[in-house]
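Notes follow the structure.
We call the chains A, B, C and D, going by the order they appear; numbering starts again at 1 in every chain.
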Amino acid sequence: MSRLGQMRHLGLFVAIGLLVIVGLITKPDNFATTSNVVSMLSLAATIGVITVGATFVIIGGGIDLSVGAIMALASVWATTLATQEFGPFVMAVCAILVGTGAGLVNGLLVAYGRLVPFIATLAMLVAARGLAQRMSDRKTQLIQTGNSAIVELSTTRLLGIPLLVYVFALVVVLGWILLNRTTFGRRTYAVGGNPEAARLAGIDVRRHTMLLYALSGLCCGIAAILIMARTTTGSSTHGDLYELDAIAAVIIGGTLLTGGRGTIIGSILGLLIFTLITNLFILNGLNTSDQLIAKGLIIVVAVLLQRRNLKEIR
Amino acid sequence: MSRLGQMRHLGLFVAIGLLVIVGLITKPDNFATTSNVVSMLSLAATIGVITVGATFVIIGGGIDLSVGAIMALASVWATTLATQEFGPFVMAVCAILVGTGAGLVNGLLVAYGRLVPFIATLAMLVAARGLAQRMSDRKTQLIQTGNSAIVELSTTRLLGIPLLVYVFALVVVLGWILLNRTTFGRRTYAVGGNPEAARLAGIDVRRHTMLLYALSGLCCGIAAILIMARTTTGSSTHGDLYELDAIAAVIIGGTLLTGGRGTIIGSILGLLIFTLITNLFILNGLNTSDQLIAKGLIIVVAVLLQRRNLKEIR
Amino acid sequence: TSNEPAAAPSSAAAPAPAASGNDQPGTKVVIGFSAPAADHGWIAAIAKNAEATAKQYTDVEFRPVDPTNDINQQISAVESLIAAKVAALVILPNDGQQLNQVALQATDAGIPVINLDRVFPDKLAYRTWIGGDNYGMGVAAGHYIGAKLKEKGVSNPVILEIQGIATLPLTQDRSKGFADALKTYGFSVTAKQDAKFTVETGNQVAAGLLQAHKKIDALWNHDDDQGVGVLAAIKEANRSEFVMVGGAGSLNAMKEIQSGSSVLEATVTYSPTMASSAIKLARLIAQGKGMSDLVENQVPQSITLASETITKENVEKYLPLGFES
Amino acid sequence: MLVMRGIVKQFPGVRALDGVDLDVRAGEVHCLLGQNGAGKSTLIKVLAGVHRPDEGTIEFNGAPVSPGSPNDAIRLGFATIYQELDLVDGLSVAENIFLGHEHARLGFVRRAAGNRGAREVLARLGHPEIRPSAEVGRLSPAAKQVVSMARALSHDARLIIMDEPSAALAHDEVANLFRIIRELTAQGVAVVYISHRLEEIREIGDRVTVLKDGRTVAVGLPARDTPTSQIVSLMTGRNVEYVFPPRASRRPGDEVLRVEDLTSPGAFAGVTLSVRAGEIVGLAGLVGSGRSEILEAVYGARPATGQVVLAGERLRRGGVVRAVRRGMGLAPEERKAQALLLDQSVTANITLGSLPEFARFGWIDRARERAEATRLVEALDIRPPAPERPIKTLSGGNQQKAVLARWLLGGRKLLLLDEPTRGVDVGARADLYAVIRGLAEQGIGVLLVSSEVPEVLGLADRVLVLREGSVIHQGAAEDLDEHRVLDMIMEGRAA
């Protein structure tokens, strides 16, 4: 599989390569600079962490529409005055707990309440945004100076790279290990590929499904910390439409929405394509309308490139 | 199947019944008035027409994220000054052609380009919005007085009911007939339920898939006319996030995202639940945050009610 | 922001009622209110100000409806208020043109419509318009930046613009005013990008622009809400070589200006207090009264607020009017 | 009538067909024999327009044809019953039968005509009890097979291709099928018949073509007179017959499974049975007699009342997870729907039931996993012997072996085998029997369901006969013969 795996991502690498070439040609001075690359990675970090969780859920045969909303809720909860009093560490823990908790609720609804994932997580999306608005009174909550340790994730650099990029990398690596080297990962493929077979093979499909959503929630919690670091705020507007971006990245990366197949690497490459596109547009000063048109075309081309590669494997 | 069909919708009727009771109790004077009911139906009409198309696509095993964007593009194209010169009839035809054309592109990408529907229609969403913005120069385009025949769809009433509600009803009836009484409908279930089996049975699965997206685009075109009538404008902002609402209505209505099963009636009932919820919120003047929280809970309850009913059937 | 421990008293945003005869209780009136979804500090402040002002009057029954960003739903919401036969309607439409027809419907039904901010194209559709001056905002920002750069003697300056939602007419007005004012100094906008009025989008767009332009002379950000994100991106990139001007006048932006250590040197106002005024106007119109400070017996047909420029020098005066973003 | 010459079909990494010839005459039943993976299904899929051949020619009634899609093949008059069920679960029986060629006017379906047509075909197949309006997804596998046949009959075909149609059928159903085939051939229709059951070939077949490793090794052998040993050695290259391994040398040990009064309304009632360590217990009965359901209930995969005691410990209603943890394993009857992860490798499929064995704190020891899987692939002769291949590229019989292999791991106490040799070729069958017997020798208890009575009698130590959901006989296998069992099954007479 690993050989096939590399083959499978060839198309994505080609797409990324093409975008990089476009960048080098159009903006030779700005594109390949360290600061631009770092800026892209920092931008990708938040949604990247979420994408890792989304990959698990989708391979497991589900879908999570609530990722952006959960991230918003976690960011708001972690930045209320009450939470901020306890300092940055508690704030981070709070974000993670809120994220995981909301994910767990998704998991319970899907696995034990047997709601269709689309609906259960749509309900969570709506409700979590509402709760976030209520909690924040629709205001943007600034992180106070005493708690700037959180903001330092974004401002402090190690070898020229902001800490939050390391967090992102760590989540990717851990996610990869979990998916490829553990029984949990193996079961995720089984549960998504053929739940009935998984059940008859003695896997507790419901429990596993629940855990997948909790894992996705956990990732949203971590992402909340990153977005807090980047924007110095918690807000109910954070993460708007992240669900679409995350799912799109996962699917462009070759994971099937029907479950049972997919890779973390693919998802991250898919995400980088999006990040590159946005970066190129801003560097070249395209206006939004043209950006949108071009983005649509590039998505199609990227996937066509990749599909050609997948064909023989299917 | 028709017997099961009725059973299957019991939960939806119960949910609607409960919401109606809540309406009658909280706002006895305003809720059950003709004008309120008509207002609800007018509200539901636009997205209702789209939901009919979405039901076909989803039963056929696909998904269409571009519905709102296609509607916006069709509305913009039909209200450019150039188009408006030709009068209301040509404007309506234009909206329908643009919608169908965009749907056809989706269909070609999915069926013959073999792109995952999620990605193909996401690309269309992005590109169509971009094109609509470009075309309209991001401005709202008013329907000129000479072409007010279109607006009259919304303002003229027959038996106290605006014409656009009749259009909605007609689309639902035609959709129902197409799905339940024709070979096209029959094959839609087959293509969604087991594409391999459909192919082996001699059905041209690709062509059929393409037609499904074209049909969805056609519905978007019709919806564009309705939204033009209601708002007296064409705009690139029309139909924002309609895709989520339409898909949610279809799924609450009992259609599986995996395809092969589902009903038009269910989708329309699902949509009415959303419309009722919104209406109740308006009448009772809830604030947005509470609305969102309540909406999330109601969705879960509605689906749980329905699931209980589905259980035995699955 | 809400996190300032010593937050300004909530009444700050809704100025105390003028001590005039008009505030004496009159006939009881129901005022309907419809606005876009309050997912944004400025709009939230609008909703809050409207409600707070209405509560000050014992003769006003305030009836807000489902705020939504979907035109179709806002139309239904307004229809429901017409059906409920309210005495006056205060409408901040998602889009003036798209809601024009339903406003006309209300007017036809004999309900005076007070058009707040985003304007209906058809004057028959409303009784009174009150709103900010989007073009003027751009002009104010343009003048501040133009003068500043002239003073520094910069030629060919790099001037950037971060817009709000690009499809809103108000955005286009602001940009036009900005460009026009800059032109008087012989300057023009180097690049502009639109954000979505949220902290996050402001942050993303700013991060990108900072990469695209290694040296910047001035930056106008249309909206102080998204400005929080813009400022975060600027701090992260460690840049300070330019002047930044904000828009709307949030409390947060004012504090930033007050500190004097920020790139944010000024902001041009677009005050959500207009919602308070709109409610007051609605009450007066519904009760058939005029504005007591004016000579006329009736409320005027249109009121445009001036866009003021807040700098370190005058910020003290504006602080009580700043809204929490 | 049909002449295929030098057909070559290459899949990535596998040359499934390597120059195959086939001649079929009008009005004959032409049998296609070959080991699992020999290329039979691939050949008929070429004929049915599912796969395009890389090389080779097809002539039909003297004219060259090249069916490029299933639709083309149908238009040529070829109807196919595929090995893997090809029905749409959400549609009704009638809708499935006429899918693609509905009774319709101007695109409007004439439902009544469709139902009438379906009723006729089903009656012809001897299954008037299947309602045309029933939803196919809720039918038993056997009934689905009947619908699949009805679909083929509904076309006015001149050539009917049947890929293991009898695999899901029991004795009497097969007789029914043969009656239909005779009717068809009498009308001049040609039938290509694939089966791994040699006795069926003898009964119905006219001529035989044997495939081995994608090549034709024998053409046009007389089906009735060719000695079995010759056919088998052509297929497998060795001399095996239906050989059941000798029964247990040692006495069965302690009871591993005791089932008391197990009842699942609508499926079976009051089932009491026991299995001892080292013992193979067979369940015989008609299709639809509830055997699969009993296995599922014992396994905890289906709600039922009554008691299940495994190795002295009463299983509470905890479902499959607990049953597996306590040492049970089930090889279900529908491998594709119930057992396989089609996209995953053979290895992943084999180790799915015993992952904890290969893991430490959840971390999988991949080297050990691969070693074990490779060992089993070799032991069961799974072909191609490449544990890393996606399992969906294996032929049906080889997939079935992988399903069995899953439960050879992890120290099971009790195995529940539902139709373990469905679709497995003669040679491999003997291997599987030996494996199953070997398991029993190691002290594992086996509960076996099979629709082939000889298999139950030959492999099991003890046999339970079921009829309409209740046990009507139990006793040692040696005391029974096929006739007596069939009598009991058909007429409900206890011996």
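Keep in mind that, in the parts below, a residue touches a chain if its C-beta (ideal position, glycine included) is under 8 Å from a C-beta of that chain, and two chains touch if they have at least 3 such contacts.
Remember, it's a predicted structure, so these values are computed and weren't measured experimentally.
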Can you name the chain that lies farthest from subunit B, using the mean of each chain's Cα atoms as its centre? D
Comparing B-D with B-C, the one with more C-beta contacts is B-C
Measuring from the mean C-alpha position of subunit B to the mean C-alpha position of subunit D, what distance in angstrom results? 44
Centroid spacing, where centroids are CA-atom means, of subunit B and subunit C in whole angstrom: 34
Roughly how far is subunit A from subunit C, going centre to centre by Cα mean, in whole Å? 34
Roughly how far is subunit C from subunit D, centre to centre by C-alpha average, rounded to an integer in Å? 72
Note the residues in subunit B that touch 2 or more other chains, in rising order. 133, 138, 288, 291
Multi-partner residues of subunit D (each touching 2 or more other chains): none
Subunit C residues touching 2+ other chains are 38-39, 166
State the interface residues of subunit C toward subunit B in the complex, per the touch definition above. 37-39, 63-73, 75-77, 79-80, 83-84, 94-101, 121, 166-167, 169, 172
Give every residue of subunit B touching subunit A within the complex, in rising order. 65, 109, 113-116, 118-120, 122-131, 133-134, 138, 244, 247-248, 251-252, 256-258, 288-297, 299-300, 303-304, 307, 311
Looking at the complex, which residues from subunit D come into contact with subunit B? 48, 50, 69-71, 74-75, 80, 82, 86-92, 95, 99-102, 104, 107-109, 133, 135, 151
Sites on subunit B touched by subunit C in the complex: 30, 33, 35-36, 39-40, 42-43, 46-47, 133, 138-140, 142, 151, 154-155, 227, 230-233, 235-238, 240-241, 278-279, 281-283, 285-288, 291
Contact footprint of subunit D on subunit B as seen in their complex: 1, 4, 181-187, 189-190, 192-194, 196-204, 260-261
